[in-house]
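Here come two complexes built around chain A, the first alongside chain B, the second alongside chain C.
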Partner chain A sequence: MKAFSAIGARVIQTLFVLWAVVTILFFLFRLMPGSPLAAYIDPNFTPEQQDALMARFGLDKPLWQQYFIYLGNLLQGDLGESFFYRTSVADRIFALLPNTLILTFSSLILAYGIGVLAGAYLAWKRGGAVEQIAIPLVLTTRAMPEFWLGMILLAVFSFSLGWFPAGGTRPPGADYPTLWSLYTSADFWRHMTLPVLTLAIYAQGLPLLLMRSNMLDVMKEDFVTMARIKGLSSYSVVIRHAARNALLPVMTSFAIAVGYQIQGNVVVETVFSWPGLGRELVRAVSASDYPLAQGAFLMIAVVVIAMNLVADLLYAVLDPRVTRE
Partner chain B sequence: MNSRRPLRLRLPTHDPLALVGLGIYAVFIVVAVLAPVIAPYDPTEILFTPNYDLAADRRPGEDGFLMGTTTMGRDLFSQLVWGSRSALLIGLTAAFMVALIGSIVGVVAGYFGGWVDTILMRLADVAFGIPFLPFVIVLAAFLEPSIWNVVFAMALVLWRDTGRVIRSQTLTLRTRVYVEAARVSGSSDLKIILRHVVPNILPLSFLYGSIAIGWAILTEASISFLGFGDPKSISWGFMLQDAFASQALSKGAYYWFLPPGVLIILIVSAGFFITRGYEQILFPKLDR
Partner chain C sequence: MQSLLRATAWVALTAAAGIMPAMADPIRTINLFTRPQAAQPSEYQFVELIAQEWRKLGLDVNVQVMPWEQMSEIVWFKRDQWDTTAWQMVGRPERSDPDEIVFNLFHTSTAEKGFNFIGYNNPAYDALVEKQRAELDPEARKALVREAQAILAADQPNMMLVHPKSTYVYNAAVWKPESVVDQGGIGIRNTWTYMSLDPAGDKRDIVLNSSDTVRAINPLYISGGTDSWITELLWDRLMRVGPDGLPQLWAASAFEWIDTTTIKVTLREGMKWHDGQPVTAEDVKFSFEAAGSGEAPMYGPFVRNITGIETSGNDITFKLANPSAAFLTASLAKINLIPKHIWEPVIEDQKTKDTNAESYQEATPIGSGPFKFTSWTANEEVVLSANADHFNKPKADRWILRIVPNVEAALGMLKSGEINFLADFPGDPSVLNAAAAADPNLKVVSTVDIGFRYVAFNHRRAPFNDAAFRNALSAAVDRRLIVGAAFKGFAVPSNSVVSPALAFWHNEETGKMETGVDKAKAMLAAAGYTLEGGKLHYPAGVTETLK
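Up next, the complex of A and B:
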């Protein structure tokens, strides 16, 4: 019963954070240069369009009323009209979300695969020459600007060697009727290779270091010592006993990593002209397309907040000793 | 009554990597301070050869330019040297702000508890829900693009990690015998905090501050690369943006976009190495 109330409290807390971020966003976008109307109305809209938007977002009303209209519109999924595309922001955002998610998840799955295996291996070979080289190397990958790594991969594998395309999701002119047919095409995977590699090289450090330090902790525990005393082989002790138990906390960090990665995507998507949420945010901010920028920001924030919740819940489910505070 | 003072800022001689990190920092600081002396040109100056040709896209060594020039005819070596100044400036100010705000929030929340704690920790929850890079982008774009606004935006979000850790440390300190004794003997809260709490959390503030140096430098590089940086200052991120926008990638001008990234890696990983070294001094139990 206690577990349920802990989960309930955590969900309420998440809703609170969501509300707070939405509120911050509302005031942030009214703080920008120019008239307060600029958040929703492009001066190039026709007077009729301007009037319609004024009414829709209550822009002629006092700020507090605008705030409640904004909240109400948000609840109905209304994020306004993009200045540039002249279409609904929500449509645009949901069209781009899959591109960002597929990039994020592919790179993280790759990163966790490599990171977990390498971390377990490093814990097993603790104190050896491999460790002396590997640990500084891993720390170095964490110190790299992700966009710079992307630039290097682009210069080497795309411009110099010509193995991979330089950006986008498909060759110019290629048309795929559905998202599914695009995602299952060989072209798409060729376009995705370099951005995924960039993100994965950066992201593998977290699971690797976590796995290694968890393994080192687990290997000190009684049941591992017991397994050794029973005369099990070193491999069997490490893989069957230590690695399995060390894996759980690493898996919960996956959710946190999704949240971090989706923020970092902003730069990598820009380098590879990847039509995702991050690049859209950058372009919208540069072009003063405020409704679109606000929508993209909100969507990214929602993913971050949701993933923080998932991580906490997973942690509570996997390790029953944990109860909130 | 004298509280323990675990703040020992000695050289981490046991850890060669940390020493390497300190060495890298020392070199960077010297270069940053002496930038006007070391750099042969103004980093934004458009240069010409003696016969009045624009000195554009010179390769390293060509026409006497040590590391080549940009498409606009600016000296890359001078830009790299001046870039170390912005990196250090941003890294240190952001780290200071993050450590300061995080420590104050953590100590106040942990020491006073109750509703103060509740409010501050809910604020930290909110800060954890804000996507960091997008937030800095939006703030840097809406306020005037300047180094200080980037630092300000970072400080607004990044105090959250430091704040939480310092809070939990303060919670354990509050129940220590010497704090109880000070309270019973009538010391004011301020006095107890300054004499008994702060000295004990300073090492943690220092540690989290030094982690923030690397974060700040990487963030500034990303912001400048995306074009939201301070147009008046030459940073390594700005150099990379310039290279990217000037087709340096397709021209294979590695001499242009390789060095700024390598310097960023050097200074950020130096920070990591130092942090790890001091972590072992400050928290010997973590030694692994």
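Up next, the complex of A and C:
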């Protein structure tokens, strides 16, 4: 019963957050300068067309009325129609979201895999020559802008060495009838290598440094000293005792990193011509395509909120103490 | 006594005359809009140059940088709230007929809400462009269009700057150079090139790039520049604008003016839709009716002049409300021919909804054009394949459009062979020459464009309502400076909205324009503008109303 009400509270809280996101997005875009009609300005653009477009986009009604119409449609699962494409926002988002998710999660898993191991290793080798080189190196990767790193990787591995293609998810004209057939093809992984590397090189710094400092704290704890006294091997002490405990905050940071990573995708998707949601988002915002921009941001908010929920639940599994009150 | 009075009066008068210039107001700070350097490097550069020259005349010039969406909102929807702005017209095949430009940009009827956003008002000009629109004799019309350009040159409603050169690159190891068609005013990126590109080796797919995404593939929706490359290949039109800029027969095998408002067009025999059904005169009639049905608002203006369409066998007869010289280019070469069996139910359905035909995306678009639709992957690529049944069937196998938002990557892809036709390069074109120098297979082709770049003056706001002032500001800037510094030589100076690429219509006399800061200063002085303390003032008696 108690668990049930806890979940209920959590759901209500989540819904409230979503409503707040929707409301802020709605007014934010409409307060920005720029008109959605800008894209149509042309010598043949007649006054009647302008009025028809305004009516068509529902922009002839007062703002509060537009807001309630939008909320009403949203409750029925209708994200509306894009001003720019004239087709369903939901269709557009779901066509692009998988590409963004696979890029985000592949790069994060790679970054966290490398980051956690390297962080643990560096904590173990505290004060050594390795640390002297590794820490400045990690800080450098953290400081490199993603678009710059992406262009460097393109120049070296694509244009000079020719190892990897320069953009897209598939070779020109390659026919993959389903997403699954695309994602399981060698072509796709070849195309994804450089964007994933770019994102991973940038993202690995956070888990690495976090893991290292957690490890340094944990290594000072009594149970680690106890393990050493018991005469356990270094491997057993570092990995089985210390690393498992140091991992907990890193897991939480993973969920938060998803949000940051999607933000990084905006840049990387443009550099590598990746057909994802991030690129679409930028275009939608700059073209005042309110329905699509709102829909895309909402979808990203949903992913981030869902990841936070997952992190909370995962935490309970990894560290049962948090569920006790 | 009398002489004393007279002397006093004389002194008073001269004193008044002496004070008069001081009574005129200084000209307020003039705003000049431009888009950001990152998005429009040439524009930003020429705006900085122009501001610098204008300042030498004693004007305070404030360069305001803003993104296109914001700029267009002010210029278009708040027509009395700006002074001057950089602006751009892009070249399109339909603009090979000068009517759209000389009429819509300057006619009084479009001043309130249409494209005459500068508020130019000249009844003599209005009468002239109305007359050229109705003149069916090309030679007589040519004289009128040239006269219109002369009026614009004298009035300087806008400060014309350049016609840029459209610059594209192809790989000569993949495509035979003699099969590339350089369309006047458009460049080598055109439908004719795509139909005639002849493989030089075993690669048979045209792979090209665009930095813009594809919005829709819809014959009833003018959705964007890149989209139009696709619609032109999938759907035929009765006529097509040829490589020489003049309309030529396409899906029509003949046309005949019965009288000044009646034209009979004969449909070519044996044409088929991509689904195998025959193309009929009924389909053609339906295509024009659909464009005017209200369900395709973007195409409405191109068929507004049609009052009736009749068919008989393979003949289609159009009845027009007014004689229209541009009808062949602006209507017959513009309206996509669409299959009635597919679109009639769609149009009927849309009439019952609050959306229109622009929202309808066919899963497999069906036209009758030289290429057939194969696939479209959102924000990544569009694949078309050659239509072997077409009367002008392409030599290449497929036409593959890759969406590449990263300009540098597009050039890299051209070098590495991932694409073989660079169809869109918003960056510095001199980079392309460097790439071609490094790889002899890369061929750069530059063509003077129909489109143009200019600075618009807002005639609603003094001092821009004064032709002498506009002339002086325009004369202050040497266009060669703009061509060299802002366009790296990839442009030609211009003083006419009708491009020299349209040799038939272009008035060469407009090019004889003297420029220089000293000349501009002399023009301002002659018109009564004065310099006081280095600041330009209005002529005597004119007050500043917009502070």
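Basically, the second predicted complex is superposed on the first by the 255 of 325 C-alpha atoms of A that agree within 3 Å, B and C clash if a C-alpha of one lies under 4 Å from a C-alpha of the other, contacts with A are read in each partner's own complex, and residues count from 1 in each chain.
Everything below uses one rule, namely that contacts are C-beta pairs under 8 Å (C-beta built on N, C-alpha and C of every residue); 3 or more make two chains touch, one makes a residue touch a chain.
Given the structure is predicted, the values throughout are model-derived calculations rather than measurements.
When the two structures are aligned on the shared chain, A:245 is found in touch with neither chain B nor chain C.
In the superposition on chain A, A:300 contacts chain B only, with no contact to chain C.
Once the two complexes are laid over each other on the shared chain, residue contacts for A:185 go to neither chain B nor chain C. Legend: residue contacts after superposition of the two complexes on their common chain; A:165 is shown touching chain C, with no touch to chain B. Once the two complexes are overlaid on the shared chain, A:18 sits against chain B while remaining clear of chain C. Applying the stated contact rule after C-alpha superposition, one finds that A:73 touches neither chain B nor chain C. Legend: residue contacts after superposition of the two complexes on their common chain; A:154 is shown touching both chain B and chain C.
In the superposition on chain A, A:106 makes contact with neither chain B nor chain C.
When both complexes are overlaid on chain A, the residue A:236 reaches neither chain B nor chain C. In the superposition on chain A, the residues of chain A contacted by chain B and by chain C overlap at 33, 151, 154-155, 159, 166, 270-271, 286.
Contacts from chain A toward chain B in the complex involve residues 13, 16-18, 20-21, 24, 28, 31-33, 136, 139-140, 142-149, 151-152, 154-155, 159-160, 166, 213, 216, 259, 262-264, 266-267, 270-271, 278, 281-282, 285-286, 293, 296-297, 300-301, 304-305, 308. Against chain A, in their complex, chain C makes its touches with residues 66-70, 72-73, 76-77, 89, 100-101, 104-105, 112-115, 205, 207, 213, 215-216, 221-224, 297-298, 300-302, 354-356, 358-359, 361, 375, 377-381, 383, 398, 400, 402-406, 408-409, 412-413, 415-416, 418-419. Those residues of chain B lying in contact with chain A across their complex are 17, 122, 125-126, 128-135, 137-139, 141-142, 214, 218, 221-222, 225-228, 237, 240, 243-244, 249-250, 252, 254, 257-258, 260-261, 264-265, 268-269, 271-273, 276, 288. Note for the complex: chain A touches chain C at residues 33-35, 37-50, 52-53, 56, 81, 84-87, 92, 95-96, 151, 154-155, 158-159, 162, 165-170, 172-173, 175, 270-273, 275-276, 279-280, 283, 286-288.
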